[in-house]
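You will see two complexes here that share chain A, one where it goes with chain B and one where it goes with chain C.
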Partner chain A sequence: MKIELISFGKISEFINNQNIEVDGIADTDAFKQYLENQFPALKSMKYKLALNKNIVQENTEITNNATIAIMPPFSGG
Partner chain B sequence: MSAERYNRQIILKGFGEEAQQQLLRAKVLVIGAGGLGCPALQYLAAAGIGHIGLVDDDTISLSNLHRQILFTTADIGKLKVEVAAKRLQEMNTQIGIIRHPIRLQKNNVLDILSRYDYILDGTDNFESRYLINDACALLNKPLIFAAVSGFEGQLAIFNTPDHLTPSTNYRDLFPVPPDKGEVANCAENGVLGVLPGILGTMAAAETIKLIAKIGLPLTNKILSYNLLTQEQYTIKISHGDGYTLPKTVDEFLNMDYQDTSEGPLGYKEIDAGELVKLQQLESTILIDVRERREVPILDKQIFTQVPMSEFGAFMSKEFYQKHVVLICQHGIRSVAAAEAMQEKYGDAKKIYSLKGGIVKWRDHFLKP
Partner chain C sequence: MSEKKIKNIFVNGPIEPAFIADSIAKHNSKTAIGGHSIFMGQVRKDEIEGKFVAAITYTAYEDLALEKMHQIREDIFEKYPLNCMHIYHSLGMVKTGEICLFVFTSSAHRKPAMAACSEVVDRLKAELPIWGKEIFEDETHQWKENI
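Entry: the complex of A and B
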């Protein structure tokens, strides 16, 4: 399954925007687990996922060619 | 109202006299007269928002000037709200500017916010952002949110329903604040002056769109802006769970927003005067927790360098000093370091963090 990954802020320092090929990942919970295994720095950070430009609030099915964004909170002014 | 002043926007198709009247009747509170607040205030005042309140308890410093474009070199040391209010009033004599030279806290935020129709959050820390978010949710006030980090910005409108979704709030995105030190704020992190200029201006535009009911404001959406690529990415926000919003004033007053005024337990935030006194003691160690590349460089004979990235390793070793003073650029990372030390040493050592950091007490650190 192809997924386009988009990241913001501090997270983009260790996860580049990229197209990835993953297998056996059916939903956003599994994908979150996958991300935190691939990029352990995420585990200690606050972030939110968006699937196809919608904030992920509950476990959601991922289909081929999905876009997933990873967004940390900003506070600067 | 002088129609001539606003002529160029009144004659706009889709704006007109009625929209201008709505701006004139609106009361907008801008929180933080900083990098985001300055440009937002300028455009809101110029556009003819009838009542503009500004909240900030800070004074102008030299390192503000590259992004806080209401201020001049001659203004250094003056209160931001005073200088900003004067400039804005000169720019537009037909509107009311209300000064609030205070820091918003649990005990004053509801009173101040309740006097306005729209709230623009241009603050620079998570404590204030969660405090303002919860207060706006409680008071049912539209909140225009702008924030920056590095070369990127975020912009959103909360507490405003649209035809599809009931209103969402910041906690639907990030239910709880990050831990101190998890995310550096822009004072610690550096920011290109023009970035908050862009985001602050966009926040002013969203405010005007909301008031004048034009276009598609970012209600229930968050826009991410990247200055380096000029890319924007908009995400739809829906209602989430995993957080509790205070539903009553009493519940609000019982929330923990880590107001610095209330003082975190255990360690103490000190000023330069107290630092000097502690410095006289034999049993004091002064620790600079900034990374090694940061300037100004302090005298290494006096200040032990322990960057935050090496702090864990440092704490695993024994040291004899009883008084530990932690110092960083703005007094934010030093608080995180103080919390970590307090947790490890408890009452065995006295822990201090220099409030405002080296920037605030520049004269003390750089005296010849």
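Entry: the complex of A and C
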């Protein structure tokens, strides 16, 4: 399964935007686990995911060619 | 739901005082309005561990931010009897003392304009995917976090 990964703010300093190929990841909870294994620095950070431009509020199924954004706490205004 | 027209709110660099003045002037033909409320966010020269902030560089997940702003706008128009509402947020570098946020609400009488203005500012700080990177005078940086 192909996923386009994009990151913002502080997280963009250690996770570049990239296309990844993963198998056996069905939903956003599993994807978080995957991310925290790949990028251990995430474990101690607050962040939210957006799946195809929707902020993930509860575990959501991921389908092929999804775009997933990793977002640290907001600081606009 | 009303027809979806996503408005852009982002401007590159600081929001110029002349732009704000011009925006106010444009309302002189809208004679049903009796009260305006304006909020302007300005980049503050914070001192953190002996270093001073020189500027903030803003980035955003623009598509998602505009989508979210559209929802907030609809909620606010539903809640308050407003004549109009304008919102602008900077992207890129804004130096200390410059304006990075401009929220402008108008209504027939003052109270809805004031309440809506305050609510929009609270909501956009909490809900829009925008990030501010504080650049210090020595060119080091830290990422802001809204409380």
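One rule holds for everything that comes next: the second predicted complex is superposed on the first by the 73 of 77 C-alpha atoms of A that agree within 3 Å, B and C clash if a C-alpha of one lies under 4 Å from a C-alpha of the other, contacts with A are read in each partner's own complex, and residues count from 1 in each chain.
Basically, contacts are C-beta pairs under 8 Å (C-beta built on N, C-alpha and C of every residue); 3 or more make two chains touch, one makes a residue touch a chain.
None of the values given here were measured: they were computed from a predicted structure.
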First, second, both or neither for A:S44, with chain B first and chain C second: first
Partner chain in contact with A:F74 - chain B first, chain C second, else both or neither: both
Touching partner for A:F8 - first (chain B), second (chain C), both, neither: both
Chain B versus chain C as contact partner of A:N64, first or second or both or neither: neither
Between chain B and chain C, more extensive residue contact with chain A: B
First, second, both or neither for A:N16, with chain B first and chain C second: neither
Touching both chain B and chain C, residues of chain A: 6, 8-10, 50, 53, 55, 69, 71-77
Touching residues (chain side chain A, partner chain B) in the complex: 6, 8-10, 44-46, 48, 50, 53-55, 57, 69, 71-77
Partner chain C, residues of chain A touching it in the complex: 6, 8-10, 12, 50, 53, 55, 69, 71-77
Residues of chain B touching chain A in the complex: 32, 34-37, 122-126, 129, 146-150, 152-154, 172-174, 176-178, 182-183, 185-187, 189, 191, 196, 222, 224, 226, 233-241
Complex contacts: residues of chain C adjacent to chain A: 41, 58-61, 63-65, 67, 89, 100-101, 121, 124-133, 143-146
